[in-house]
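In the two complexes below, chain A is the common chain; its partner is chain B in one and chain C in the other.
For the complex of A and B:
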């Protein structure tokens, strides 16, 4: 099982290498960075959950508009509070690593963009997504009219089965045509 | 009936896609209970939900098999097989899930025979070794860290410029290796002809020669004239042939590499293009660059995206406005565009005349003070660089008056600039050709030509250097020291104009390709100057520039870069071909007495001698390959292959259309059934609220109606 004791065991390390897309150095670095976020008491406990707020202080996530969604998606917590164990953290880094496949990346991207977790990107999801992209404050947002026009354009293009929402396979269809996605869907410590 | 159906179908579609017009009591069809139980939804449902179910199950029944049954219960067909062949790390589940999956797999493996398990573990090991080797190789790539920083602050577009720059450095290093293997190496080992004097710095040589490319350099291995026929003098293995082979291989290899890069990029762009029009979705879904760490960069990125989206919406309304233009407006606009194009043409003409004038003046010089003569020598490169620096900005201004949409403006500027760059170089080459041998009939022509290319290459680099350290950097300093002064505000903030920078690179690479035949060490000079350029531009971008307001997409830009490179290469090949042909056509006028093809030999008779020495079947084969009789079948075969591809593409296109239609149909079926089920459930739950009249009105037509797709077929 996972541990956050100061050293990673050799078996554990090789297991992580097998189960994630990370290299040994990356796993060790991840472990170091994760341990830095822990308080003194927590360091001795195995399987500590880091609360979302502390994860978000990482510079790699701090300026990302989707940071909360990322934590929520990768968290295995029962309370859906976005707290991460070290293994969840590795999952996150693995999905965002250089060598993760398009399949994995697009799957997680879909889940990050699916704000209400209902399995499809509907009008509300797209609206929140666009707001995340343009900035949340009132003066940076698009006007309602612009938003409506934009979303109807998106749906017209990518909603192939015309049910008014973008589902996973339609989403992956779009993503698979965009060469830049793999290079920009990346978080490297 | 038919009409009614189609209407009904359309109504269904429009009702669903407008979305807003849904009453509150019938919730969205994808929020109903039964929707979650559909196999297609189960298959794509986030793993996490299943995960919970799964662990609970395992805990109760105490067996991994049961967990597997549940998790894969609905993915009856493909996914199960796929899940077992996929590497564990590519499964979309959390680490604990993967661990369980591995445990199950191990059970599976213990059931299968020894051979199979060995094979699997071998394949895993092999993949790991490959991955490690790939990782080690990518670590070897230089400037990885720099690129990462630049990407973090300026986004993918600027990074694409630097990646392109690095690619050109590699290309030039490869050329260097080839030049060494085919030209420099043999010359070093086998020596040169006996008549050639040893290379020595002295006499009338001065340091200025390194700028002029004359004197010492004229005799050095830098130029064509150095490589005379040495002791390596077999019929089919001698210095001239090796020289020719080396040059041809360099050009062919560049062609293959550049074409490959262009087509890879082109495929992507084409797929994103009008045909499948994924333009906006692509901007939204792939819009955020997750590599950004700097808060300032993040807010800039927000700004990019916002501007980009607004731009898109604006262009959309622009096309609407364009469609509404009256005839009079249209005529006036076309007249304006015509006049502006005339202005552009006259500017280009003026630029070309200036180059001509500079070439003539430079060739007349004799017996001036050294500084004057240096400037005169460099007059054509100075003119070309100056023209290339100034005119693109004028084109940018001009295109803003033409009332094109924004992207069209950028493209128009770019196309004009490309034309200017390549054409000015071409015109210059043409003037050298036509004026040269009239004035120096018995001088080594190739050396003189190589010298011009050498000067262009050196001056181009000097211009980059000066542009940064004498123009951009002081400007930045001025802005930092006196941000409120009039001059600083007038100059504004500096941006990294990627298209123009790329044009510079393409131009210098084209010069290198044109000149490589006459100046074989040009790739080496190119590699060194490009490396220096990398650091200079890094300094510019990190120190002097603010990120641009407009996004420049990585992929589409790289296609454009490589396409320009391809144009440059074609130009180089044309120049070389023309030059060789001219030598052959008028040998008495152009008799050169230097280099590998001295003493009345030309490219054609050296290869001819070699071919004649071959055995007869090889000779006939070669002659056949070079004849028109071979070209015809080749063209025919190409036409056949192309036709078959085009027709296959059309057939696929039709299949795609039909599949899309089927998808729409089946999804509307699904929606219909889910809704129907939901209403039936609701009716079952609230029997007291049954209003008979409402059912009478509402239900019968709907229940009796078959799903729309069934009726349509």
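For the complex of A and C:
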């Protein structure tokens, strides 16, 4: 957190309002919820970095199948372990907020779906994405045949330059045709 | 690698800190291509939140919008902001004034949005519903909220222009037209009962008779007076007529405005056939889902949708491979099933017709039996609306359409059934009022309507609509208490195979929406004859919202099988427009064709309800008359019509040009992709050659 006290300073608050899509109430609520996750001694330290497991105890993220990827994408830690500071947390909420633009949301959605972090969605990424969507239990998994057909259909529809992968622009092109995306890509505390 | 983003400036689409073994040339190429696309801002996207267009117009319109939209972590955004602040731009005073103005306007908009946040009706409930049950169920509740607001605003309209002036000018005012016509027609005595028992009040409340009949609730109570003091002049009948007409027009405008926002999106997506799988996979997850149960259900839902789509695809392949014989058999089966479905619907209509006539003959009965006969048409309609769609569902299964077509076909049949059953009821009423359309028959000759059975026919029609509304509400309450709660208790506490097979209730969105559309159509049809019906409907829909919410959270499990098209707001609004058309047809017919009752109402002694307009028109000043004549004449309307045709042609041409440019851009994208692949292969070849040269050169040294 930016300050040692449990209250956010006024200029810090206005700075966060400028740099994120969150309203004042949302930032204060995020501050409160983040503070609830801290232990007593951590409360006094500035810029505490919370490990991923504690972030994932939040009810909004607890059952999300993409929770680990979300923490990894928004984390600025050197070790790539998914730990978040308060500012990372605000970045997360800003991207998932009501007023965030389609570009920001589609950009972060792409990064969340890019499981191997190579900048494109290839067959492996898409397979893991579909498994996350349908659940990993046996009765909700697609069969291998169905999976192959599905991924080949997806690539046929969205891979415009036919290189076997979906890059950011192709992804954003598909997203732009869906009216639901902005309203479903939302996490509100 | 990490120094590259800063060099490229703030419009960076991607920011990698390490290359992770990725070939650097490919990465650079990709970054350059991606960042040029990002800075173009030419995506075919919707103006859903911010408006990038106005950004481009203003140039650098204020830092806040730029910074927030950069996909970088907070620390980097701060650095970018510091850099921006250090660059002091040289702007003219006019530009800086404009920039300040947009900034203050922006802040004002933010404050307004925040304050509106508190006033939106039921915002938290809707959020909770959407998070736990998904977008489909939430769309039903959003539609319900829209109808509540529409009805409430209509009530305010009617109260302001008809109800309050009627109350205020009740005793004052002179009659507009002298009474003409035979005296038997003017007899109307609704309070002829004397002392009544207590329970009769309750029965009267439910059926709109007795003490409720001669009140502001129904048409018969309003007077045909015109008030003309020194200060104020108010023509009550004219106000009544114009308010009714304006109410219809206002509702249509609201529906179309709401349709406009959803239609724009539906047209932009250009038909959900193409890109279906990608859309489901990339946008299918609802991040607002909370809790394990909701998540598992959502996962099952997505799994089901994907499976259904894949199965439809294989089914289409199989259908294309059918032999001619099989095709003929299938189509003849479908035609036969269509006839069966229509036969069922016509049987239901005949039942309603018989029931309404029977109810009219028994209209003198007292007590509970009398109430039963009063409500008989409503009972038959509700039973038909319940049974026939079930049978239609089974028929649709036999027809072996694809699953999504099956659902839509069954729904359209149910819509047809509900709206036209209402039409049949109205037809039987018309039958009785106008003696089957034969003005010269014995009963109708004197007053041109059946004055013996219906001394005040408008109130009678209003009462029928009132009864339909009340009955709908009572059925909903009864179902909630007697069917849904017990079902859940049985399923939860009795662990037998039968109970598990029946299972908890499913919240089927489409059936519920049809119920709402039906209720609203009844209100529209009855609004001319029962001016307080929109208020009653507002209360009814508010109660319905809370009942449905309670049943949703306590008794229901979410429906697994949902189809996008049937839960879309656009589909609901189209169906609502069908209802509006039916109600408008009824209103226009009553205004123009049937003679108003002579014993009651604001239009007594007029040959038709519409004829008050010409009468009042000639009381206006000559200049106004001439002006209105001019507007109605051909000299004005034909050029206006031609002008609107030209404007429409322009928009059609514009739309086709946009469609063509979209196709062109896609083709261009394909070509650029191929170019990129070619260049990448060239680079790889060259770098390999370079490596080989270095190797051989090194080997020589």
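By our rule, the second predicted complex is superposed on the first by the 185 of 189 C-alpha atoms of A that agree within 3 Å, B and C clash if a C-alpha of one lies under 4 Å from a C-alpha of the other, contacts with A are read in each partner's own complex, and residues count from 1 in each chain.
Going forward, a contact is a pair of C-beta atoms (placed from the backbone, for glycine too) under 8 Å apart; a residue touches a chain by one contact, two chains touch by 3 or more.
Please read these numbers as outputs of a predicted model, since none were measured by experiment.
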item: Chain A as common anchor, with chain B and chain C clashing or fitting; value: clash
item: Chain B versus chain C as contact partner of A:113, first or second or both or neither; value: both
item: Partner chain(s) touched by A:149 [first = chain B, second = chain C, both, neither]; value: both
item: Which superposed partner A:45 touches (first chain B, second chain C, both, neither); value: neither
item: Touching partner for A:122 - first (chain B), second (chain C), both, neither; value: first
item: Touched partner set for A:165, first chain B, second chain C, both or neither; value: first
item: Contacts of A:88 with chain B and chain C, given as first, second, both or neither; value: both
item: Partner chain in contact with A:140 - chain B first, chain C second, else both or neither; value: both
item: Common interface positions of chain A, toward chain B and toward chain C; value: 15, 18-21, 23, 59-60, 62-66, 74, 76, 87-88, 90-91, 94, 96, 99, 101, 103-104, 107-109, 113, 117-119, 126, 129-130, 133-135, 140, 142, 146, 149-150, 153-154, 157-158, 160-163, 167-169, 171, 174-175, 177-181, 183-188
item: Chain C partner contacts - residues on chain A that touch it in the complex; value: 15, 18-21, 23-25, 59-60, 62-66, 74, 76, 87-88, 90-91, 94-96, 98-104, 107-109, 113, 117-119, 126, 129-130, 133-135, 140, 142, 146, 149-150, 153-154, 157-158, 160-163, 167-169, 171-188
item: Chain C to chain A touching residues, read off their complex; value: 13-14, 16, 20, 22, 27, 30, 33-34, 37-38, 43-46, 48-50, 52, 63-64, 67-69, 71, 73-75, 77-78, 81, 110, 114, 127, 135, 262, 265-266, 268-270, 274-279, 281-292, 294-296, 299-300, 302-303, 306-307, 310, 313, 666, 669-670, 672-674, 676-677
item: Residue ranges of chain A touching chain B (in the complex, touch as defined); value: 2, 15-16, 18-21, 23, 59-60, 62-66, 74, 76, 78, 87-88, 90-91, 94, 96, 99, 101, 103-104, 107-109, 111, 113, 117-120, 122-123, 126, 129-130, 132-135, 140, 142, 146, 149-150, 153-155, 157-169, 171, 174-175, 177-181, 183-188
item: Footprint of chain A on chain B - complex, ascending; value: 13, 16-20, 28-31, 36, 41, 44-46, 48, 51-52, 88-90, 92, 94-96, 98-99, 102, 124, 131, 135, 148, 156, 265, 268, 271-272, 276-282, 284-295, 297-299, 302-303, 305-306, 309-310, 312-313, 316, 553-555, 660, 663-664, 666-668, 670-671
